[in-house]
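Heads up, the next two complexes both have subunit A, just with different partners, subunit B and then subunit C.
Coming up: the complex of A and B.
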């Protein structure tokens, strides 16, 4: 039994083996780009909008509202990063009902890549918002003794973010695989539905957690006093 | 006992113990968090949005310990490094 889509080699281009992980990541990206391009091609600002434009607007405004709620700041700078993180994970988990599809989030490589993006996004947003010295001062709060613990927490939460998503998605595909050999008629379908739900919850959780991390990096005493 | 069967024996028992013991704590913790959150929603229905969001994030945090145990168990069964070392 394969525990990750990295071990499944679909075809070779020259000496590079295209694994199921890479292939389905490309497919999800292609799907997202095509759908967004098709929908936004005939976008309108009148009161009469198409069904799909309505769908996208609902999605985006919901993400914006969540970001505003969590960070207590304007959502505009965070929307591209958090939104694409959420939509990518959500779609790649959601498509798992398609036969022959292996969710790319079920591979530790993909989830580590996403977690590393979050790891670097925190200082980037923090420095943009606070400036370098103020951001670095966050590490020695409340006192200098906490410096190593802050650094450890930074690394361990990145690890936790990647392993959590990987573990949930991988366990889902694995449970369905085991059930198919034990009770192949009804139970796998039920578990599949549960997996769709868990996949959406995990997409929500990774988005919310990365928003929380970014928000904690961009928050400082000076700014909260100025705004309040 | 030769080393191949010894490694198989020990890793299967260990992976079972890992997932069994490792799921006790998170299960109790999640149950407690959920019960408390339901209590809070019953008392303050207006705040249910914030409570639900915090609950989900907290549950994800608690659950990650169980997920670590699961990943270790899966590695012991399907991707055991010692097993590959002995059989090769």
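Coming up: the complex of A and C.
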């Protein structure tokens, strides 16, 4: 029994094996981009808007609100990154009710890739906001002794982020797999519903945690003092 | 566990591509649409606010105009009332004046009538008394009333006071003609002439005249100054009493 989408090879392009992980990532991407393009093609700025546009606007305003609440800053620069992260994880997990679908978030490679993106996003946003020297000075605060601990915390939280998401999604798949062998009829369906809920919670958690990490990187003492 | 670096890198690239595509197709468009809508709403609100302010200003203007009109109306009403009152007063004054005039006229007419009446009455009474006296005198003393009057007058001339005589003399100096007026034909003319000449000098010019201006009497006129004896003097007294009586009973 395969529980990791990386172990399923769907087809081969030359010497590169296209695993279910890669394939379904593309599918989710394609789905997201197509839906976005279709909805935003007839975008309206009047008070009469389509149901789908309304849905997207509600979703995005909610994400903006969350970013503002966590960072105490304007949401605009962070919205594409955090929004993409949330929407990708959310949709990846949500589509798990489709038969034959393997959520890419169940692969440690995907979650690691997302965590690495967050890992690099923190300094990118930090330097953009504070400048290089001010950002680097954050690592030796409150004293130089803290430098190795700061670096360790930076790496460990990236690791934790990737493993948390992977573990939660994979565990869901695994639980269903085990339950199928124990009680094959109704329980897996119930667990599937629970899995949908957990998937959304995980999407929310990874997005919020990323925001918190980025916010901590873009905040210096000076700014906090100015803001307060 | 062997790490499949290709998958890891591929997933990173996949996410970055997705990030770019979603930014382009989703976030930018939705956010700009939301922003534009917000701006439009803000503009509309601003428009509404300015329209409201304008309306309020207009309202204030109209209220001011209304109050001004009200004031004007009140002023006009007040003026009209004042004018009406004035006119009323004028009319009342006019009416009062007219009434006063009328009553004045009426009073004077009454006075005139009264006078006329008394004149007539006096004449009538005088002539009645004269006639009665004439008859009484004739029956009792077999004497003519005319000669009695002449005697009385001669007596009066004889007994003139000095001041009276002086006054007559004074008037005579201006024109020496002395007029004797009687209501009857004078029989004892020579006696009277004698007495007068004795009082006022022998060169005295005398004119005699019969008149019915008064009743039963004789009159001496010296250039406007008069000495008279007449029944009318008695009737005058009677009339005064009568008049008093009427006024008391009015």
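Heads up, the rule we're going with is that the second predicted complex is superposed on the first by the 226 of 228 C-alpha atoms of A that agree within 3 Å, B and C clash if a C-alpha of one lies under 4 Å from a C-alpha of the other, contacts with A are read in each partner's own complex, and residues count from 1 in each chain.
The rule we apply is simple: contacts are C-beta pairs under 8 Å (C-beta built on N, C-alpha and C of every residue); 3 or more make two chains touch, one makes a residue touch a chain.
Since the structure is predicted, the reported quantities are computational estimates derived from the model, not experimental observations.
Visitor: Looking at A:45, would you say it contacts subunit B, subunit C, both, or neither? Reply first, second, both or neither.
Guide: In the superposition, A:45 contacts subunit C only.
Visitor: Who wins on subunit A residues touched, subunit B or subunit C?
Guide: C
Visitor: Tell me the contact category for A:196 with respect to subunit B and subunit C: first, second, both or neither.
Guide: Neither: A:196 stays clear of subunit B and subunit C.
Visitor: Classify the contacts of A:208 with the two partner chains as first (subunit B alone), second (subunit C alone), both, or neither.
Guide: Touch status of A:208: first partner only.
Visitor: For A:179, select first, second, both or neither according to whether it touches subunit B, subunit C, the two together, or no partner.
Guide: neither
Visitor: In the overlay, answer first, second, both or neither for which of subunit B and subunit C A:171 touches.
Guide: first
Visitor: Mind sorting out which residues of subunit A both subunit B and subunit C touch, each in its own complex?
Guide: none
Visitor: Taking the touch rule as given, give the residues of subunit A at its contact with subunit C in the complex, in rising order.
Guide: Interface residues on the subunit A side: 6, 16, 19, 21-22, 25-26, 29, 32-33, 36-37, 40, 43-47, 53, 56-57, 60-61, 76, 79-81, 83-84, 87-88, 104, 107, 109-110, 112-114, 116-117.
Visitor: Quick check: in the complex, which residue numbers of subunit B touch subunit A?
Guide: Spelled out, the residues of subunit B in touch with subunit A are 49-50, 53, 56-57, 60-61, 63-64, 67-68, 70-71, 74, 78-79.
Visitor: Inside the complex, what are the residues of subunit A that reach subunit B?
Guide: Residues in contact with subunit B: 1, 3, 66, 69-70, 160, 163-164, 166-168, 170-171, 174, 201-202, 204-205, 208-209, 212.
Visitor: Help me check something: in the complex, which residues belonging to subunit C touch subunit A?
Guide: 4, 6-12, 14-19, 21-23, 25-31, 33-34, 36-37, 40
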